[in-house]
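Once you scroll down, you'll see the structures, which are given as C-alpha cells.
Across the two complexes that follow, chain A remains constant while its partner is chain B and subsequently chain C.
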Partner chain A sequence: MSGARRWVRWAIPVAAIPVIVLLAYGFRTDPRAIPTPLVGKPAAAFSLKTFDGPEISLAGLRGRVVVVNFWASWCYPACYEEAPVLERGWRAYKDRGVMLVGINIQDKEEPARQFLARFNHTFPNAPDPTGRVSVDYGVYGVPETFFIDPAGRIRAKHVGAVTDEIFSANVDRLLAERP
Partner chain B sequence: MIPEIGYAATIVAFGLALYGSVTSAVAGRTGRRTLVASSERAAVGVLVLVTACMLLLIYAFLTFDFSVRYVAINTNRGTPFYYRITGLWGALEGSIILWTWMLALYTLIVVVQYRRRHPEFYPWVLSAMMGIAAFFLLVMTIPAPPFERLTPVPPDGRGLNPLLQDSGMITHPVALYLGFTGFTVPFAFALAALATGRIGDEWMTITRRWTVIAWYFLALGLLIGGWWSYHVLGWGGYWAWDPVENAAFMPWLTGTALLHSVMIQERRRMLKIWNLTLVILTFSLTIFGTFLTRSGIIGSVHAFTQGSIGAFFLGFLALVLLTSFSLLAWRMERLKAQGELDSIFSRESAFLLNNVFLVAATFTVFFGTIFPLLSEAVRGEKVSVGAPFFNLVNIPLFLGLLILMGVGPLIAWRRASADNLRRNFLVPTAVGVAAAVLARALGIANSLVLLCIAAVIFVTGTIVLDFLRAARARRRSGDGWAAATLGLLRRQNRRYGGFVVHLGVLVVALGVAGSNAWSLHTETTLARGESVELGGYRLRFDGLRGSEESNHFKVTGTFTISNGVGSRDVLYPAKKFYAQEQNPIAYVDYRLGLIEDVYLVLGDFARDGSQATIKLQVNRMVSWLWLGGLVLTLGTGLAILPDRRKTA
Partner chain C sequence: MSLRRPIQLGAVALLVLATLGLALAAAPVNEDTVREIGSELRCVVCQNLSVSDSPSETANQMRAIIRERLAAGESPAQVKAYFVEKYGLWILLSPPKRGFNLLVWVVPFVGLGLGLVLVAVAVRRWSRRPPGGPAAAPAIDAATRERIRREMAELDTR
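Here is the complex of A and B:
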C-alpha cells in the first residue's frame, strides 16, 4: 500500500472531528436567549387588583425602578427556586425606591395563594385573569422577569429562575443611572 | 428511602456494566473463559438492577411521591392511571431508564443466544454492549438522575404534558427505543469483527435478523409518531421535517441502506468496508439523534436543555465515531473486495444505486437539520430550514428509490441479459405507464404524483409477476394455488417477506402522495346553526358546552356532518384547558376512512357559545400510511422466520 493510500484510509475518522467540533459549538449558543424586541421600548401599562385587595398600576410607579416577575404555582422547579431570591431582593432594595411586582398567570387562585403563603411574599402580587398583561409583555413561559427603568422603559428581560446575582446586577445598574 | 435505593442501584449497575465491559475485553484478548463467565453474571446483574430502578420509579409514580423531582414534573393527582405509568418515559430521565433497560435486555438475549456459538466474537460483543450500557448508566448517575429529590416537596405535581396523554405516545417511544437500542447489536458485532480481525461475513450473517428487527421497530415508531402528530397536534399532517423527527429518520435511512447492501456482500463478497461503515453510521446516528433532541443546541420551541447531558452525549458520540472509524481504518487492508462490478445492468449496481440514494437522503436530512447551527457558526445568523428544502431534494431521491425497489430484486446478478430485462420488466413498465396515463385522464395534474403512481404500479407489477411465476412453477409440481402460495412464503420467506415489506412501503408512498395532492381544508367562523361545505360534505355548528374533567376544563363543540348520500354523523372537537399549560390543547375529532378522513379542529370560540372558528379538513388517503404499517409488520414477520431453505 502506497503512502498516499495509507493516509486516505484515515480520512473518515478525521472527517468526524469537524462535525463534533461544530456540535460542540452548539453549546455556546443559548437556546434560552429568546430575543425580545421589547428591550428599550416603553413597558406596557397595566392595572391589576392584587391578591391582598388594592389595585397596582405601572403608571403609578413612574420614576421608580420596577421589576415585574411573571410566575405560576405549577411552575416547578424554576418558580420555586427563584421565589426566595425575589423576597430577599425585595427586602434589600425596597427602601431604595425599587418596586417589585409579581404577576400570576395561567393559574388557579387557591394554589397561587398557597404559593405566596409558603414563601411568605411581602411584595404585591396580582393575578392576570384575562392574560392581557402576559400577552402585552410577550411572555413565553414562566418564570420571566422584566427590569424597567424610572422612565418606564423595559431595559432587560430574564427567562428562567432569577438568581441573587442577576437580580442585584440589573437593579444596581438601573439605580446607578438615576440622577 | 425508595429513591435512595433506586439511586444506589443505578450506581452499582454502572459499576457492574463497566466491570463486565473490561473483563470481557480482557477475555477477548487472552481467551480466559472464566472472565467471560464473570462478565455474563455482571450482565445479569445489570438487567436485574435496571429493572428494579424502573419498577421503583413506576412505584413512585403510582404512589404520587412528589419528593422525587421527576415524578413531580411528570404527573399529578389528576393524571389517569395509564399515563401515570407511561409518565415514566414522558421526559428525559425516565426515557433514559427505558433505553438502558432495553439495552440490558438485548444484552442478555445476546448472552443466551451466542455464548456457545461464536467464541471469538462473543467476548468482544459483550464488552461493547456492556460498555454502551455503562455510558447510559453514567448518564443516569450524573447528568440525568431519575431519583433526584425535590425540596420543598410540593403538594401536587405539575402533571404529564397534556399532548403526551394519548395512546400514540404510550407506544411511540417504546417502538422507537426498541429500534434505537436494536441497532446496538449489529454495531457490537461489527466492532467485534474489527477487533478480532475476522471481518468475513460471519458478523453480518449473525446480525441480519437483528438489523431487520431494529429497522422494523424504527419504522413502526416513525409511523406511530406520524399517527400521534396527525390526531393529536391538530394541524392535520403527520410529518414536518422537525429536528426531532429527522433524528429518528436518519438511522432508519442508513439502516435501510444496510439491509440492502449486506446482500451484495453475501452474494458477491463486495462492499465489506461500506457495510461496516453503514453499521457504525447507523448506530452513531441513534446517539446523534438523542444528543440532538436532548442537548437543545438546535433551536426549537421546546429547547429542552438539560444541564450537562448534551455534553455527555457529544463526548460519547465522539468516542464512538473516532474509535470505530479508526478501527476500520486500521483493518482496511484486510477488507479488500473479492468481487467486482461487472455491469451497470446488474442487481449489484441497482443495490449500489439504492445505497447512494439512501445515503444522499440521509446527508440531506443531516445537513438541513444542522444547518441552523452551521449558519450561526459561520455567519452569526440563526436561520431555519423548512419543509421546502427537504422536499426539494428528497422527493426525487425517494421516487428513484421506489423505481429501484421494482428493479433491484428481479434484475440478474452480475450482468442482466436483454431477455432477463424483457421478461421481468416489460409488462410492469407498460402497466405503470398506463396507470399514470389513466390518472392523468382522470384529472390528476401534479407530475410528481403521476410519477409516484407510475412507480408504485410498476413495482407492484414486478412483485405480482414474480410471485405468479413462482407459484405457477410450484403448481406444476402438483400443489393447489393455496398450497403453492403458502409453500413459497414458507420456503423463500426471506425473499417474499422482503417483497411484502416493499408492498407496505408502496402503500405508505401512495398515502404520502395522495394526502399531499388531494387534501382539502378550510378555516371559517360559524354562528350557531350555520353550515360550511367542503369536498361534498356539509358541516353544521350545533353548539358548545363546558365540562370540568379530572385534570382539565374542557369546551366541546357539537357539529353535524352530512354528505350528499344522506349519511349523517356528529363530531365533537374540543379544547382542553390545563392549569399548567399556557395555551389550551386542541382535541381533534375525525372520521377515518379508507379514501378520506374528515378532520375537525375547534379553534377560537365565543364564550356564550354563539359562534366558533373551526378548521375543517378532508384528508385523502392518510389511512394508507397506517395500513402500510400493517403490511410492513406482516412482511417483517415473514422475513425473520427461520430460513427454511437450508433445512428443506
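Here is the complex of A and C:
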C-alpha cells in the first residue's frame, strides 16, 4: 500500500515535466512570428505596370541588388514610418547598383497615389491588383521588405517598418558580395 | 421518310457531341473544389479563419488564385503545395500528420488511453478495498441501541 503511494507521489511531478517543457516551448515562441520558407530561394518573377506607366519586371533587374517593399496606404503607422527611410535609401544607393521597387497591395488606387505624392517617392511603385505577386512572395501583411541578391535570390525578409540601419545593413551586405 | 430518320439522328448526335465538347473545353472549375481547398488554407490577414470563410480582399484574391491554378489543370494537392511553398506549413489549418506535428494528432489519444487505464486501475482498487463489505462497521452495544430506539420513538411521537 505505502509502496503504491510512493509511486503515485513520484508519478505526478514526473508527469508534469513534459507539460512544463511543452509550455516553456510554447510561451517562448511568438505565434505572430512566421518564418518564411522563401529566404535563400529564387525570388518569384513579376512584371507590373507602375503608377507612372512603364512596366517594371524583376527579370530586367538581374545583376542588381533589388529591394522589394510591399506597402499599403492604410497601413498606419508602420508604412508611414518607413516611407522616408525608403526614399533616403533609394537616393543613397540608386547609383550603386541597387534597385528599389514598391509594390502596393490590398489598396485602392486613389489613396495609394496620395501616399506616393505625400512622401515624394521617386522610385518605381506598382499596384498588385490581383494579389498574385504578394502571394508569390508569401506576404502576410504590410509592410514587408525583401532583399534580393544580384543572382535573383531572396536573401532576407524584414517584417514591419524598415529603419535606415536595417536598409543599409542588408543592402551593404549584398553589395559586398558582388564580384 | 426512312432516309430522313438517320439524318435527323445523326444531327442530334452531332449536336449533343458538340455541346459536350464545348462544356469540356471550357472546363468550368468546380466551385466545391475551390471551397474545399480554401477551407484547408489559412487566410493570411485574418486570425484563425480559412480562406473560404473570410470575406477579406486577400482571401478573395487567394480564392481567385486557387481557381486559376485548378483551371490550368493543377490538382488540389498541387494547389495546396504552391501555398505551402510560399508560406510554409503555417498556411495549412490542420498540421500534416508527420514529424513533430504528429504529436498534435497522437498525444490526445495517448492521453485518453492513459486516463482510461488510470481510471480502470483506480476503480478496481476502490472496489477491492473494504474486505468485509459494509458489514465491517463497528458494532453497537446493547445500551446504545436501546437509546437510539428510544430517541427515534420520541421523534415519531412529536
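Please note the rule applied: the second predicted complex is superposed on the first by the 146 of 179 C-alpha atoms of A that agree within 3 Å, B and C clash if a C-alpha of one lies under 4 Å from a C-alpha of the other, contacts with A are read in each partner's own complex, and residues count from 1 in each chain.
Rule of thumb we're sticking to: a contact is a pair of C-beta atoms (placed from the backbone, for glycine too) under 8 Å apart; a residue touches a chain by one contact, two chains touch by 3 or more.
Worth saying up front: this structure is predicted, and the values here are computed from it rather than measured.
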Touched partner set for A:Gln114, first chain B, second chain C, both or neither:
first
Which partner does A:Tyr76 contact after superposing on A: first (chain B), second (chain C), both, neither?
first
If we overlay the two complexes on their shared chain A, which of chain B and chain C does A:Pro54 touch? Say first, second, both or neither.
neither
Partner chain(s) touched by A:Thr130 [first = chain B, second = chain C, both, neither]
second
Which chain, chain B or chain C, is in touch with more residues of chain A?
B
Examine A:Gly138 and indicate which partner it touches, taking first as chain B and second as chain C; both and neither are also allowed.
second
Looking at the overlay, does A:Tyr25 come into contact with chain B only (first), chain C only (second), both, or neither?
first
Looking at the overlay, what does A:Ile12 touch: chain B (first), chain C (second), both, or neither?
first
Do chain B and chain C touch any of the same residues on chain A, and if so, which?
106, 141
Of all residues in chain B, those that touch chain A in their complex:
69, 72-73, 150, 152, 154-159, 277, 291, 295-300, 303, 305, 310-311, 314, 317-318, 321-322, 325-326, 328-329, 332-333, 370, 373-374, 376-377, 579-582
Flag every residue of chain A that touches chain C in the complex, lowest number first.
34-38, 106, 130-132, 134-141
Residues of chain C defined as touching chain A within the complex
44-45, 57-58, 61-62, 64-65, 83-88, 90
Across the complex, what residues on chain A touch chain B?
1, 9-10, 12-13, 16-17, 19-20, 22-27, 29, 31-32, 72, 74-77, 80, 106-108, 111, 114, 118, 141
